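All chains are identified by letter, namely A, B, C and D, in their written order; residue positions are counted from 1 within each chain.
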Amino acid sequence: MLNVTVWGENVHEQDDAAVQKIYPDTMHETIAAGLRAKLGDEVKVRTAWLQQPEHGLTEEVLAETDVLTWWGHRAHGDVDDAVVERVQEAVLSGMGLIALHSAHFSKIFKKLMGTTCSLDWRSEDDRELLWTVAAGHPIAAGVPHPLVIPQEEMYGELFDVPQPDELVFVSSFSGGEVFRSGCCYRRGQGRVFYFRPGDQEYPTYHQPEVQQILANAVQWAAPVVPRQLPDVHHRKTPGWFDQA
Amino acid sequence: MLNVTVWGENVHEQDDAAVQKIYPDTMHETIAAGLRAKLGDEVKVRTAWLQQPEHGLTEEVLAETDVLTWWGHRAHGDVDDAVVERVQEAVLSGMGLIALHSAHFSKIFKKLMGTTCSLDWRSEDDRELLWTVAAGHPIAAGVPHPLVIPQEEMYGELFDVPQPDELVFVSSFSGGEVFRSGCCYRRGQGRVFYFRPGDQEYPTYHQPEVQQILANAVQWAAPVVPRQLPDVHHRKTPGWFDQA
Amino acid sequence: MLNVTVWGENVHEQDDAAVQKIYPDTMHETIAAGLRAKLGDEVKVRTAWLQQPEHGLTEEVLAETDVLTWWGHRAHGDVDDAVVERVQEAVLSGMGLIALHSAHFSKIFKKLMGTTCSLDWRSEDDRELLWTVAAGHPIAAGVPHPLVIPQEEMYGELFDVPQPDELVFVSSFSGGEVFRSGCCYRRGQGRVFYFRPGDQEYPTYHQPEVQQILANAVQWAAPVVPRQLPDVHHRKTPGWFDQA
Amino acid sequence: MLNVTVWGENVHEQDDAAVQKIYPDTMHETIAAGLRAKLGDEVKVRTAWLQQPEHGLTEEVLAETDVLTWWGHRAHGDVDDAVVERVQEAVLSGMGLIALHSAHFSKIFKKLMGTTCSLDWRSEDDRELLWTVAAGHPIAAGVPHPLVIPQEEMYGELFDVPQPDELVFVSSFSGGEVFRSGCCYRRGQGRVFYFRPGDQEYPTYHQPEVQQILANAVQWAAPVVPRQLPDVHHRKTPGWFDQA
């Protein structure tokens, strides 16, 4: 069974009536509910958020988390650097990370990518079509081709990230822009998936196909070997000749 | 100075009045002229076509060719298998190959990819927007973001090719589809670039920005080491300890 | 449960006393037994070989096979081209393929790679060390770092294959050579893993750590979506605007 | 003409007699001399070092630098964070970066990679063999296969870096270890090359073949488009339909 922690910034939900109307239970609880609905007994989902002590991401929580999902937008700067380093260490040790939408600018995602992670944007109710470009990829299993998201914020290229190890989805928007919307990375022992859709002003996380993608991604990102941070080792000479 | 051979199927140009009107000098001569216009003294461009003996691609021609561009569509099946193997050997030895538009289904491209190279399509005057997704890539140098092609055939994902070593361009179409339109591959000592636009029914190869991309691609694909087909070697023991 | 077909050339086993001594049950039966030992009820393993009608790889067998392992060496040329195309189609439709050792020169592997697949070699009892270079990769789960194979044939770079989508293992040999020994590829809907060790003159497939790698690879290569050959589709206009 | 800045930590050279004997002109001046010897008029090389104001890497210097080479070891922690961010910004804007040997643990390399960059090591006069694994790659042009470095520090896998966009060299050591010794990355508009050999206790940078690799790498890493940091842009609606 997978242990998933769904992290939410939980800021829009406190002061933005429009967001509250779409996500009365908060975005993170909605995302968590979607995972439970799709994965049932295969998964144990908890939530954590910015305003908790240590943002709810203590050493203990991270140690028990197989996959962490991260949604943030307005308060990236309020995330404590020590927590960010702790999450980075967990990822490099093998914890999966799903970075959602505006988390492209989160401290943790930028730290793992090493680039600006900048992009173009427009928030004017574009229709988004999400196309699968990796045949047979587990994250695309059961996902329509294309997946139609009726209204969303637009993110456009150039998305300044390292070329993904595997590119799974590419979006088009009604304005004509395109975006690499599903990007897989291996970092240390961990796996990172960036997924574009999910602006706070749209009911995207209520959409069953999006929930399916997140469920697929959680399973894809789960560690398969014991957690361990890659580290320096001094190898003694003469080494392997002794064994030969 | 680079030696470029522009290969054309030269079939539509013989029997299709609409194509003749757009490309009165044939498609391959138009592509060749564009390269000469953009690269001037840096390049020596010749053309070759299907109806010539050995399709104009003798051992001698290939030996003198640094980069070969390939456009074909209706007559893929008429290309002699022996010539295809000769071209494959040249590519693996270091000759660059630029596969253009419907050349996705050419024998040589399929042979180098190992996949079906299938895709979705529609020929109904879609507008194409070509977006750069590889910051600072030489093939995108001087190319507008996006490059607007007013009317083109649509090619849509899923494009069944190996994940490119570098993905340079992604297109959107007015119908909402997307396509990986600029794909870089290394195969053997050679470099292969697939470029999507260029249907025979549209004046795409007259467009200066498209000519710029082809000129960039030719320079990118040119060999930098002496031509040599990778081959099997028997290494004697005890090997490198003797030299240490 | 996974259905695995272990294919063997079964030629050395018929006429080479040294090989018969190491593999009295044939190489393919030994590989199959190793998979059964490691995967138990998770897998149903059958074998097939060159001398059977259609090499034992009928449409029916391939349709029921989730993952095919392939060992061949002396008789690559005797494999029927029609069967090779059938296997390629199965792979592109989603069947996993594990190419073993000298299968680098099999028709099916070369067809899927598009390159010469040539390499350097020496068969003089080199010690091989297999190092994991992809942290946390499922194919390396539970594998020692390095895995020591006391004696093996040497394969050295340059291995003329497309750059792997994921490189999992790199070998060194007592002669000082190196080799990319564990290479992952996605082709069509299928996954391909090339694994270097396994010359007929050494008892490599009896080694439990090698059996573990093959078991891991079989699980990694198994399809996760329904089998389907990527194909051409004509998309009607006006497309997705109607749905928006 | 390329402007290259060779940066050196310049610490061992101040207090370590063994290093002073091998590199009486300092390591950075030796590296710079090698580039001048190999590239002549194609390049203008300057040096900079830790002890200078702003480590010699002012905004002006970086703005004029096409490619920066970086060697550091004992004093990574003394490099000012503000300078590191400045260098990162320059790289993402298009400046090439060549990270040398123990620069795997430099602040700038770790920041660009996002991983621990840890590895195994032993400093006991191993012989290193450097094998080319990317056929026809410009950084390997003119380099022997293998390149023999008679004595060097050993670096062994697992090297905890993102999978390189292109892997050019793999080393073996007399102890049997292997290492991905030549790794290409694109980050933002910039190109990054990591090159393993070059411990301060060995005369590696005096070796002509190593100088050739560094010369090749400098040419490979040079920017081909105007410098610009990828940035966020707000795209107005209705976007590209107006232009169609």
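Note that contacts are C-beta pairs under 8 Å (C-beta built on N, C-alpha and C of every residue); 3 or more make two chains touch, one makes a residue touch a chain.
This is a predicted model, so every value here is computed, not measured.
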State the pair with the higher C-beta contact count; candidates are B-C and A-B. B-C
Most remote chain relative to subunit C, going by C-alpha centroids? D
Round to the nearest whole Å and give the separation of the Cα centres of subunit B and subunit C. 31
So the centre of each chain is just the mean of its C-alpha atoms; given that, what is the distance between subunit A and subunit B in Å? 36
Shared-interface residues of subunit C (touching two or more other chains) are 127, 129, 134-135, 146, 156, 158, 160, 163, 165-166, 174, 176-177, 186, 188, 230, 240-241
Residues of subunit B touching subunit C in their complex? 88, 92, 111-116, 118-122, 124, 126, 154, 156, 158, 160, 162-163, 165, 175-177, 185-188, 229-241, 244
Residues of subunit A that touch subunit C when the two form their complex: 94, 127, 129, 134-138, 140-142, 146, 148, 150, 165-166, 174, 186, 188-191, 223-225, 230, 240-241, 243-244
List of subunit C residues in touch with subunit D within their complex: 127, 129, 131-135, 145-146, 156-160, 163, 166-167, 170-174, 176-178, 180
